[in-house]
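Some notes on the structure that comes next.
Order of writing sets the chain letters: A, B, C and D. Residues in each chain are counted from 1.
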Amino acid sequence: MISQNPVFVPGPTNIPEVIRKACDMPTVDHRANIFTEILHPAIAGMRKVLKTKNGHVFVFPASGSGGWEAAIANTLSPGDTVLAASGGFFAVRWIELCRLHGLNVKTIDSPWSNHIPLDAISRELESDRKGAIKAVLVTHSETSTGVLNDIGAVRSVIDGASHEAMLFVDGVSSIASMDFRMDDWRVDVAVCGSQKGLMLPAGLSIVGVSERAFDLAPSAGMPRFYFDFSAMHRSYGAGSYPYTPSAALINGLLASTHFLLDEGLENVFARHQRIAEGIRRAVEAWGLEIFAEDPEHRSNAVTGITVPNGCDSAELIRHAATKYEVAFGIGLGEVAGKIFRIGHLGSLTDVMAISGIAAAEMAMADLGYPVELGSGVAAAQEFYRGESRAEQKLAA
Amino acid sequence: MISQNPVFVPGPTNIPEVIRKACDMPTVDHRANIFTEILHPAIAGMRKVLKTKNGHVFVFPASGSGGWEAAIANTLSPGDTVLAASGGFFAVRWIELCRLHGLNVKTIDSPWSNHIPLDAISRELESDRKGAIKAVLVTHSETSTGVLNDIGAVRSVIDGASHEAMLFVDGVSSIASMDFRMDDWRVDVAVCGSQKGLMLPAGLSIVGVSERAFDLAPSAGMPRFYFDFSAMHRSYGAGSYPYTPSAALINGLLASTHFLLDEGLENVFARHQRIAEGIRRAVEAWGLEIFAEDPEHRSNAVTGITVPNGCDSAELIRHAATKYEVAFGIGLGEVAGKIFRIGHLGSLTDVMAISGIAAAEMAMADLGYPVELGSGVAAAQEFYRGESRAEQKLAA
Amino acid sequence: MISQNPVFVPGPTNIPEVIRKACDMPTVDHRANIFTEILHPAIAGMRKVLKTKNGHVFVFPASGSGGWEAAIANTLSPGDTVLAASGGFFAVRWIELCRLHGLNVKTIDSPWSNHIPLDAISRELESDRKGAIKAVLVTHSETSTGVLNDIGAVRSVIDGASHEAMLFVDGVSSIASMDFRMDDWRVDVAVCGSQKGLMLPAGLSIVGVSERAFDLAPSAGMPRFYFDFSAMHRSYGAGSYPYTPSAALINGLLASTHFLLDEGLENVFARHQRIAEGIRRAVEAWGLEIFAEDPEHRSNAVTGITVPNGCDSAELIRHAATKYEVAFGIGLGEVAGKIFRIGHLGSLTDVMAISGIAAAEMAMADLGYPVELGSGVAAAQEFYRGESRAEQKLAA
Amino acid sequence: MISQNPVFVPGPTNIPEVIRKACDMPTVDHRANIFTEILHPAIAGMRKVLKTKNGHVFVFPASGSGGWEAAIANTLSPGDTVLAASGGFFAVRWIELCRLHGLNVKTIDSPWSNHIPLDAISRELESDRKGAIKAVLVTHSETSTGVLNDIGAVRSVIDGASHEAMLFVDGVSSIASMDFRMDDWRVDVAVCGSQKGLMLPAGLSIVGVSERAFDLAPSAGMPRFYFDFSAMHRSYGAGSYPYTPSAALINGLLASTHFLLDEGLENVFARHQRIAEGIRRAVEAWGLEIFAEDPEHRSNAVTGITVPNGCDSAELIRHAATKYEVAFGIGLGEVAGKIFRIGHLGSLTDVMAISGIAAAEMAMADLGYPVELGSGVAAAQEFYRGESRAEQKLAA
């Protein structure tokens, strides 16, 4: 039985009614005009969401991690060197993927609770006189920890080092929830998934590609077929697709971009900021630690919360799921058992966020955490009351 | 735009996924077997929900109040006398309906905050030596106030007076949420609607009818066509329907009865008791008054809450809807502006209930009510924690 | 198991995707603005469908026949006289309803295979010197036979007799499929149902009411509550509803009126004319008789087809349903067993219509009817090819 | 606007109601039990559909062609040799994929209108004394032509040559529509997609893998991450998934396997045989040629039809889509313009099939093809009548 409670995993997220209905589309012929009439505006919408004027956007029927593979397979050759920050479970997975594909990966290691050390990136690039490093790989919002990296700052560091490396960004849990500026930051490949800020079911890996990265196809020696940018590009130009597309999900993507652009991207980001801040106030009121140490580098998509010594966050997650039918995110990799995560991206209201806080409080209390019932809720309420009122004044 | 928050009006209620899908049925031929295969088990299920072995169940395409009309139109004649308790907005509406149909209505008047005075009923019946009173009309759970009347006790009073009056019950907001025993209490007509405990959209008025009431058709002088029991009965016997039925909603009714019977009616009632008690604890923690004075006569479907002097409950409802996108019930009739109502029937989880409490707290705080943020939530959390755990022990 | 084949009963009709989704709406508070934002434009849309500028439109949660009851209950008193044409099963049902409500019904009898004899109406009205006849009741498209009556001509006859009688029209299977002009024809009450040309599930009875008919409420002596025009009117003005509305279906009605008005009413009517003519050509090619004798008085909603002597149309319908999973309409009342009906109103394509013709052919052949396989299909194909091409030329 | 007509492309296919609803699932936590409760029985169901007792089944969020990539990436190394039959558009695409991944592909070339020449396979294998050929790649039902290859016979040929080559089968348009015996035929990798006989939207590539093929992972030198069998296998064992799964589609897959197994696989195959034969009879009646020359090697999933000299099948497809809103399959690759395809796999009734035949007839007549209206329909009707009746006798 599926619970009527919202989910608080950091993706897949709660799906708004109108988007669910867009995804529930009868079969159409993907070789006919009707498909093009869905695909082309969906891509145009995604360009706006990515803040790119002319960047390519490719929509693969795949989970988000398919985009990681697409990024390197279309631009690099086995033996190439990339520089990658390793501070989180998903960052580490992307590195693993690179290595499995024969890349030479230099990693920037740092504690998972911290954002990427920009100076370390700078040092690596400056010492790379021969330009061996072909690309810098960074995760924008690290879903496993709730740490937010500053992509604009990474771009400045690359520019500061006068290095030619491309910039590849895992924006899976940031894009459509937090400001992402593909053109301003000159991101060469931006990877996102349908099941996060886009509020769709999983199943689409959407990849933004700069002209520079796109043009590397002829020299990129990685084998590729399914995740080939050029084949996708040729097909789009012909109003078609290189294989059978997930037409219904693409119709959902079209609805999602309408949904986001109708609200206004800056309003969407402000809403995520507000919802997230309420969650963070609740954690403070509980007397627990937010895993991401630096307040300036916390994601508005997900908050990792360190459980008290002696507690097992996996037990907490199981208990909340079993007794209260509320899903939170577990700790992954090296923080397994140590943190739990509240996902707060996508389509959430203040009231839904509070229900998650309340459920976490109950579950923690049941397991003997030193948390006062209602304390986190009250802190979030106080914050949301003020913020929402402010919005109304502006609107009036 | 439809909010993702649950609704807290006392009907229509939040619709579980599986029931929504059952209602979203493609067109079928209602004169073919497929319709009978939906209708007959739906009726059989409703019999179990009503706790009647052989009572008739008629499913009218109508809102719940159509059942009020059916009750009298099939059993009485203009000029007949009925005895009706008037303690609530919906009770008064039924009385109005009776008068519009030419009945002579004796009313038992009592404050809306109180249940029906059984002794007054008793006195009326005992003084009615000639048996002029054909029926006693009682509302089980008065949706406008949150007062619960004891139908079994009303039956005892009728029996105690050795009176032949029939017993007609408005069970719109009680049936499928609180114990209702059509056979044990010898209810002659039980009226319910699809949009309450049955968790369906509005559009079906379901009426349980005793053999005695059914047999009155030939002598009942009220004009009737649409709400005619006999036509319905004849059609059902032939596997058909006297006019075009709401087949999709009836398919939903079938799913709803499965849903309820799978959980077990007593478990459904216990869940409503638990959810309701949490809400009541919250109101106490707020320092506000529950409108229904007697703790023994409070409905588990809805709680009316008296707002502090000088406050306007209609403003509160508007504010909660506008700022927090949460719908509560307004005060109706003589308690307009004085109470607001939290609907807590149908498909609600503890966590959803808490989200309603939290929204009410924020809205009250915004409007200057002397309510501490988080206080009601904490009281409900404390209660739900204990109760849910108890359930788990039983289940283990 | 629900078949994937379209239905060919003359209502409920096949529901277009976009309308099904509009009907599958989550619960909203019907006392909040969101409901008014659905109801008011739905009514405005229905006014356009009815071609009335200022007529009242009331939307009852009921099957179509609830509208028959509403028509008389709000305008007449027991003992009043009405003149009603009796030429079909549903016409007879409405007469039965009138008699059950104490009206004195003068009937114009004529063979079911023929339209109403206008001269008989004329004679009755002219001989009614005292103006005893309060209303003339006519069925526009008689769903049980496929006969179309000319409402404009009935209006002329009433005017020609200088009679003050109101004009009540059962437009259940005509409105939204064939031209209906409430204002031009000065129709006083127009009854329609959601499940026909409006392409919705059954469950709404929509009634158009002239100012003159509406103003009769104070003097109309019929008891009424559920189907009361005045209560509906007062509620609408206050942005509310006299009882719990079928909000989801009303949302569907809004979508339906958009659907129809986007296509353009005259295009909708032309489409019905084209689809119907294809069906009629098929019947001719089969060598069977269309039950409605006069080609000028055949409904574009449904075609009744006389089965050969010795054949039982009920067997045919059962066989088609069982073996081919295709639902046709049975013969009702005095034509039971003698005709079967192909419903062709609502949302049908040429190709769907042909699939119905083909299924009927197979079923008839199986039962030994002297019908050549493919003959009706070919006739319809030939017609549709030419007509659709013509449309394209216009569009080009 | 989406047409209400069925689609006749050879995938994606028409989706039955119950499967569409299963795919329209609210968000669930894919790291919780609820996901395992969907995934594991879906896989168990797929095993039955593939007729494998212990074969691995992996469900990738991808289009069918992702399965081609998975097949080779997990079992082979760059430079390895495979033997592949090239007789159709999709066969050629798989070969292209192999070459892009550095494989040495020996092709068995034959006219697209013919099935694979078994003797040529035999010769290649027998002359491969050193066992260079690691795998034989065959398309079971070639979707682009309607030719069916006999996989059991290919297995016999491999065995007859005493060759160790693995057998990889593209079963995208055969599996779940025609008999497929993974264990009996000792298929090492069987590739299927969700959007064909499984009647789901596109988006899942389901791959059946023999133990032998699975065990090759350690030595398979192809880079892989997204399509990695071992990662999938490890995750399944832990009740999880290596990345975010398409949970809703997997829920649909569960529903699809129930649907198929409830009907009975042999009944499903017989139904496809019957529907296909009706289509073939229609083509004969038109006097046109079925592209697949050998009647013993025609697919029951799709029929390719050669258009008369001077006709352009692409124009026919466009015309049918534009004027009749019916989608047929175009000619692909070397048969572009020369054939059109009627897809008849998945969930189709006799009546739906006839509607496709009728639409094709009209479109052909419009474009001056020498085809008699109704002729194909009549031939199909005659066939379906007899076959369906036979079924009924058996059932009785």
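One rule holds for everything that comes next: contacts are C-beta pairs under 8 Å (C-beta built on N, C-alpha and C of every residue); 3 or more make two chains touch, one makes a residue touch a chain.
The structure displayed is predicted, hence computed values, not measured ones.
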Self-check item: Common touching chains of chain C and chain B
Solution: A, D
Quiz item: Measuring centre to centre, with centres taken as mean CA positions, what chain is farthest from chain D?
Solution: B
Quiz item: How many angstrom between the C-alpha centroids of chain D and chain B?
Solution: 53
Quiz item: What is the distance, in whole Å, between the centres of chain A and chain D, each centre taken as the mean of its C-alpha atoms?
Solution: 35
Quiz item: Cα centroid separation between chain A and chain B, in whole Å?
Solution: 46
Practice problem: Any chance you could list the residues of chain A touching two or more other chains? | Solution: 2, 14, 17, 24, 26
Exercise. Using the touch rule from the top, collect the residues of chain A that touch chain B in their complex.
Key: 2-6, 14, 16-17, 323-326, 347-352, 354-355, 358-359, 361-362, 365-366, 372-375, 377-379, 381-382, 384-385, 388-389, 392
Quiz item: Which residues of chain D touch chain B in their complex?
Solution: 17, 21, 24, 26
Practice problem: Sort out for me which residues of chain D touch chain A in the complex. | Solution: 2, 7, 9, 11-15, 20, 23-34, 61-66, 68-69, 78, 96-97, 100-102, 193, 195, 201-203, 222-227, 243-249, 321, 327, 329-330
